[in-house]
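Structures for review follow.
Common to both upcoming complexes is chain A, partnered first by chain B, then by chain C.
The block that comes next holds the complex of A and B.
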């Protein structure tokens, strides 16, 4: 493993974090049909929760990772109760506002978060007492967690509640007529989304050993939207592919952030025009068409 | 439809009132449906039929009036809870879950059975898993009955209109409701399929499920209903057997006489 340059290992670790985040957005946007811009909020909550629990209370990080996930899920519930009753448009605005509000809190609650100075020297993750030392260990860990994240998403969406989630997305009045409560189903989705993003946030904090309020930034949502929509919202593997491609691509092209923003904007436009269902479904159709003509 | 021989009514709605911004849509409507009966609900466009449906199922709140299902007051219950009590409905505009397979559509419709709780769903308790297995069997039987077995694994969005109609009916039946409200079941159905769908409805009724049918195809309504309510301008104009209704002067005046059955324009300010 030592032959691989630390730079590539770093990109690999970040890809793993973005796979978790993409699935977090996918549960909302893809499977629940709700555009949530709160994924960075849960990401940041998880990051701060795990960092503070480790540093202030000296908790073991294998425990704080689970706590971060729980904090993310609870944040999802807390934000969902008021916001999920709103219209779709208001929901988008409220999720964005919540994220920016948390950024303000993180910047100004200096006693807890050290404000803009950020929290430094966050220890690496210890698994059953063994520290994750070095980037290759982190890559292996994040690869495993990505698998866990995708498996968890699969478990969620293939469960009866997941089916109800898709039902509510597809036709809300019919779901109600079938006895399903859309609010409760969406709360469940939001909690799952929060749990995935919270876990990603904790990993991010312990991996980089430094976090600051910038973690609540909108740019994360922007990247995630490209990953999930281009990959294929509402499919299991599309957002994974999206996360891999759009973590590696900007690095490979060594893009300036402004160029990246521009590119993502143009890409989103092209996707919506030509591949509105995303790559995963597009490829699925090509394969199906190929199989059809092959006969 | 005498009360002494039949069991108690499955549904009693009393004095339902509903206004939209001062326009009265329902002005004290009372209906009573005998258990296991087929009842027609007709009236010109805008007479309040759909509003009455919505007010019974809880999709819209009532300004006044009460609804009892099997003697239980439905006051204050959300529409999804009312559905779980055994009162199901279909919609004027055909609805299925397009991104789920036929089988998943049936299962999603059956999931919220009596005893349903979100916590046990989350924990996948043995009871939930048992219920899912039972429902899977029933879904297979339903697909068989609707002659859609071959399409069980296909996405519902790709079905023809007629197939979707059948699926919609199957979904409403999965939990053996006490009463099924059908909002224009024949709308948009190819005339050649009307007979088949009619047979389907009669078969449903023979299982003991009461039906309340809003329908513009009056021939069908008169054919299969034991009793018919006529709504006009938010009031019950009359209730009677199909024969009585078909011959009543007021009904002919309000509905049949002035225009063809499918297109009463008068009173179209609502609905």
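The block that comes next holds the complex of A and C.
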């Protein structure tokens, strides 16, 4: 592996992180039909949780990775309880606001997060006492975790609960008539989404060894929406393909962040406006089903 | 903490709150009539403020001329937004519009960042430094101006919606789109006018408030964040609700930053929003008295 340049290895690791994040959004947008902008919130919660548990309490990082995932899932539940009862319009707004609020908290709770200075010197992940040293080890680790993430998504969506999730997405009144509680199913989906993003956040923190409140920024949602929607929300491999393409592409073209975001914006607008069949496939069936309770 | 201090917080809060209300009313109008959430609303504010700065700095246009010119330009931008986003998506699920307006917001933010850079800019106003003292409370010129603009604009909007044929058509569309088609209301025209009016209201707020704060490319995020909170607290699509909720948010923020410290100011909107969502998801007024 040593023949591969560290730069390519780095892109590979980031691709793995984005595969997990894309599946986190996919569980919500694709399989539950809910546009959630809270994935960066869970990502950041996982990153800060794992970093702080390792640095402050000296916990072993193989344990904190699991904790980060749990923190993500709990954040999903905590946010889901107030937001999932709302109309689907309000749901989108609340998920975005929650992410911005967490960024504010991370910037201002200096005692815990060191604010804008960020947390540095986060140790690398130790697996069974062995540190993951070097980028090639990280690449192998992230590749394995991505496979686990995709497999977990597949298990979730093909389970009984996952089929209920899809039923609620496709026709809510019919699902209710079949005895499914939409709120519980959506809470479950939100928790799964949170767990995947929390895990990705922990990996990001330990891999880069530095995090700051920018991790909650909207630019992550921006990339994820392009990856998931262009890749194909509600399919298992579409978002994976999207994550691979749109992590590698900006690097390959060595774009400035502003240019990259600009391109993503234009791309998102074009997909949404000119691929109506695609959009209809993901959202169209819900029109007949009507919106959530608050509408 | 004496009484004049508290009155000072109240005065500051009321003026900023009226500005928040004005910025949020445009969002509430678009939601109430088109049932669309405009995620590019904050960027209208941001582009408006940068346009005003550009007019003043590069073209030497005085504030009193630049302000109306900018509002007209942003109303035209609202029309463009209607053509590009709202009209092609009239019969599509609402997620389409949210994603499309999100995309527009990403495009505008990064264009402005590329053109103007990330250094904060400042707009000078002829009212800078003007103050009026009444009973120990200082009223700043720009803040009085914001309050006057907000009240006049809201009164104008209500009169427009109640008295004119177009206003009635807009209210009809808020109630029932299909029935509008049956009685021959041109839905596409109402959509254009609504988008332009929403953008103009937001630009009015931007022009009046911009000299009080620094300008930076992602300032729109803060505005849209607060506007969303205001619209949810006041009841989605409820115009008078948005104005009152804006006032409430301004006053609450002013007291929070005065008594707890400035870092608590930005969390107030979200906290109020969450409390409202838990206790009364339809907002203070709900949608029954929409316009």
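Heads up, the rule we're going with is that the second predicted complex is superposed on the first by the 272 of 295 C-alpha atoms of A that agree within 3 Å, B and C clash if a C-alpha of one lies under 4 Å from a C-alpha of the other, contacts with A are read in each partner's own complex, and residues count from 1 in each chain.
Just so it is clear, a residue touches a chain if its C-beta (ideal position, glycine included) is under 8 Å from a C-beta of that chain, and two chains touch if they have at least 3 such contacts.
All of these numbers come straight from a predicted model, not from anything done at the bench.
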item: Which of chain B and chain C A:265 touches, first, second, both or neither; value: second
item: Contacts of A:143 with chain B and chain C, given as first, second, both or neither; value: neither
item: Per-residue touch tally on chain A - higher for chain B or for chain C; value: C
item: Touched partner set for A:249, first chain B, second chain C, both or neither; value: neither
item: Touched partner set for A:275, first chain B, second chain C, both or neither; value: neither
item: Contacts of A:87 with chain B and chain C, given as first, second, both or neither; value: second
item: Contacts of A:74 with chain B and chain C, given as first, second, both or neither; value: neither
item: On chain A, the residue positions that both chain B and chain C contact, one per complex; value: none
item: Complex contacts: residues of chain A adjacent to chain C; value: 35, 82-83, 85-90, 92-94, 96-98, 100-101, 104-105, 108, 218, 222, 225, 229, 258-259, 261-262, 264-266, 268-269, 272-273, 276, 279-280, 283-284, 286-287, 291, 294
item: Touching residues (chain side chain C, partner chain A) in the complex; value: 31, 35, 37, 84-85, 88-89, 92-96, 98-100, 102-107, 109-111, 113-114, 221, 225, 228-229, 232, 236, 263, 266-267, 270, 273-274, 277-278, 281-282
item: Contact footprint of chain A on chain B as seen in their complex; value: 57, 59, 78-81, 83-84, 88-91, 95-100, 104, 107-113, 116, 118, 121-122, 124, 128, 132, 171-172, 175
item: Chain A residues touching chain B - in the complex, by the definition given at the top; value: 159-161, 163-164, 166-167, 169-171, 173-181, 184, 188, 234
